[in-house]
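Here the chain labels run A, B, C and D in written order, and each chain numbers its own residues starting at 1.
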Amino acid sequence: MSSLQDYLLLSSLLFSIGLAGVLIRRNAILVLIGIELMLNAANLNFIAFWRFGPNPSALTGIMFALFSISVAAAEAAVGLAIILAAYRHSKTTDLDRMNSLKG
Amino acid sequence: MTASFMILALLTVAGMAAAMGLRNAVHCVLALTVGFAGVAALYLQLGAQFVGLTQIMVYVGAVAILAVFAIMMTHSPEPVKQPAFSSQWFVGGIVAASVFAVLAWAIHSNAAFTQGLPPQPEVTVHQIGDALMHHFVLQLEIMGLLLTAALIGAVVIAMGHEEEMK
Amino acid sequence: MTHLAQLAQELDQIFVLAAHWLLSYLPAALQPLCSAILSVAAIIIVFATLFALTTWLERKGLGRMQNRYGPNRVGPFGMLQPIADGVKSLTKEDIVPITADHAVHFLAPVLLVTASFMDYAVLPIGRNMVLVNLNAGVLFFFAIGSMMELAVFMAGWSSRSKYTLLGAMRAIAQMISYEVPLVLASIVVIMQAGSLSTVSIVNMQATYSGIWPHWFVFTPWGFAGFVLFMVAATAESNRSPFDLPEGESEIIAGYYTEYSGFKFALFFLGEYIGMFATSGMAITLFLGGWSAPFSFLTWVPSYVWFFAKLLAIISVFIWIRGTLPRLRMDQLMNLAWEFMLPMTLLNLLTAGIWHFMPAGSSRWLVCSTMVVVPCILLSRGLKHRKKFQVRTYHYSE
Amino acid sequence: MVGEGILKGMAETARNFFGSFVSKDRLTTVQYPEERELQIEAARDFPFLVYDGADWQQGMRCVACQICEKECPPKCIFIEKSKDKKPDANGKPQFYPAVFNIDISVCMSCQICVEVCPFDAIKMNVDYNLSTDDRFAGLLLNKQRLSKSNDYYRKIHPTEATAVDARLAEERARQKAKAKSAAEAKAAAEARLTTTAVQPASGEPR
């Protein structure tokens, strides 16, 4: 049977992959997706802790994961809308070229 | 470590890594859905059926499609010959690798995490609904408010100005 | 009399008993796996056969509505036509555009067919005849249904053709827009049944007062929900009059323009299987699943009722296809957001009021009024709005 | 109210659905291989070559003048002129087509070849059962496959064929008369030359 450690290792690996994506990708949309990856890793942690925790019938892990998924969905919608607005302004989604703060 | 966990973990990591590593943005999103589905399968394996199915519905059905739409709408017509990664990619790589190293060390050194799986708790949708309606009702309302605000905000931001449309 | 009743019950459970009998010859360790394989194989065979039957029925029915014979050459009454079509599509050359993204181009029909077959996992097609009784069965159904959009996008994007991309974008926009009323229309049933499990939803409807069953369609909110669900289901499965994604006169065949041979047939199969699945879900939620329409007909095996209802809904689909012309894109979107969405939300409210009012004729009166009057007002208001008639072209200026 | 028109339309299709089972008059389909609709006389699809008499090689009207080959817009006709001359139906020595091919996968049925032919040798056929499993050789009609008798032509286009026959008969009669008069004049001249002339054959209509 797999232990809590395996799930935590997996989720930390996913988190690192997401972090690497956020730090090194140039495309703003993929950076946003990297943030989603990190949120997913956190959700996996919540579910794993709920399952292996002392009091699974309290459902707190599940609730936190559900709310987290909802927040992530809202964040994705707003984030992509911001990227679209930025693209309309600067005609690029390349973060290295979005280097001007002038309105 | 069971075989099913190994397969799912490999699938998830491969999908997520491909999502962050591939050149073509659309391929990235398609790989990402594999990763999301893998995470959903892990939730199902852990007995969180409702969360797993919500994960598929929200991430595969909505977020991935949204990302794909955003990519299509911001697609530059000429083929991009620039590198897919930022100029300071090695800095980012080092940071991510060190974060993973620290986390892995912390997890590995804690003996409390090596305990086996406790018996499967019986979680019905009914219980989740009860909890949402009684214990977590304030959070639920705040979430509804947040989602409404996000919906309106996203529409307003993405809509742009009337003059720009013409 | 008891002897007859026992016979009817055995006939009802004949497939379940046969499966148990078959599995009893296997070692105990293999039994769960083999049981799953057996059920999956049965579902695939039955619904693939139903697909073949439906293509034949559709071509015959549409032919008769247009005063033609329909296929009548292959076999008696042309009944072997689907087999001929299958052989044809299997032997055809499989053309992949040279610029296409080959891996994604190949995966799209596979994903579509897989996703549409996965929908059947939670549909109870008879008493004790369901693949898995998931606790969140309805949620599973909609989650899997949302995967089809991804397959459609993959097909449209990977073909590298403007028609496929336009078709895919149309299809995704339409499927996302109509998924909202589809889910909202089914929520009324979940509210009333208090469960997301398809099996318990059906069990709840399979009771009778007098000779009448307690199907959810026989309530004001249930009827409105059923109609809204069916309209949204028609749009979800890209059937006429909502078949804009594959509008032949505008964009050739939409997202599967660049597919040929067997992959094209897979798309066709996936679309029909998806349609059956949504119809099956409508039957499960509103039409009492496998339960008999009258209490004195309960001796007829349960799966017979399920398939009879399914065929009836398919016939209505064909009938509608033979009648209605295709909508325009703006009409389609307006219908979803300006008519369907308010009506489903109102229906939710109606179902809530129904739940808390005491049973009796006053409950019927109030709830019926709450559904019918806004429907009439809304449709009249939308009809008289000038915006529907005048079209402006932003890009011609 | 939304739905009224939809219901009306559905009633209409239902009426047609059941009506097509009740009355056969509604069904407009012709069950093709067994039943066939009568073709109108002016129907046409691809050209064929007309021959007189019984033997297709002997009675070929075509003299390989190659006008049709030059006029054909999609250039689907290929003619190779013969080196020698053979007597035609009238017994007059003429060139004949050694090769006459029409690629009906290219032909567009415009009938220009028919209109330019001075010998009424090429006409339009009505045979549409031309499907084949060999799309190159099967659709390239050679001289033998193109040749059809004048009787066949008379059968498929009666009015047109009668007019053509009358014209040809008149022309032939004229030629015959011309030949006859020429022969008679020749004979008379010879007679005049050899013996003393008695009576010249005059008064023959020219």
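Note that in this section a contact is a pair of C-beta atoms (placed from the backbone, for glycine too) under 8 Å apart; a residue touches a chain by one contact, two chains touch by 3 or more.
Since this is a predicted model, take the numbers as computed values, not measurements.
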item: Pair of chains joined by more contacts [C-beta pairs], C-D or B-C; value: B-C
item: Chain located farthest away, centre of subunit A as origin (C-alpha); value: D
item: Between subunit C and subunit B, distance of the C-alpha-averaged centres to the nearest whole Å; value: 29
item: Mean-CA-position distance for subunit D and subunit C (Å); value: 58
item: Rounded Å distance, subunit B centre to subunit D centre (Cα mean); value: 75
item: Length of the line joining the C-alpha centres of subunit A and subunit B, rounded to whole Å; value: 5
item: Per-residue multi-chain contacts in subunit B, two or more chains; value: 50, 54, 62, 69
item: Arrangement of touching chains [line / ring / star / complete / other]; value: line
item: Each pair of chains that touches, named by its two labels; value: A-B, B-C, C-D
item: In the complex, subunit A residues that touch subunit B; value: 1-10, 12-27, 29-30, 32-34, 36-37, 40, 43-44, 47-48, 50-52, 56-57, 59, 61-63, 65-67, 69-78, 80-85, 87-88, 92-96
item: Contacting residues of subunit C [partner subunit D, same complex]; value: 61, 64-69, 319-320, 322-324, 339, 375-376, 379-380, 382-383
item: Subunit D to subunit C touching residues, read off their complex; value: 1-3, 6, 9-10, 12-14, 16-17, 19-21, 26-29, 31
item: Touch list for subunit B against partner subunit C, complex; value: 26-27, 30, 33, 49-50, 53-54, 56-57, 60-62, 64-65, 68-69, 72, 124-126, 165-166
item: Complex interface listing, subunit B residues touching subunit A; value: 1-2, 5, 9, 12-13, 16-17, 19-20, 25, 28-29, 32, 35-36, 39, 42-43, 46-48, 50-51, 54-55, 58-59, 62-63, 66-67, 69-71, 73-74, 76, 82-89, 91-93, 95-97, 99-100, 103-104, 107-108, 113-118, 121, 123, 127-128, 131-132, 136, 139, 143, 146-147, 149-151, 153-155, 157-158, 160, 164
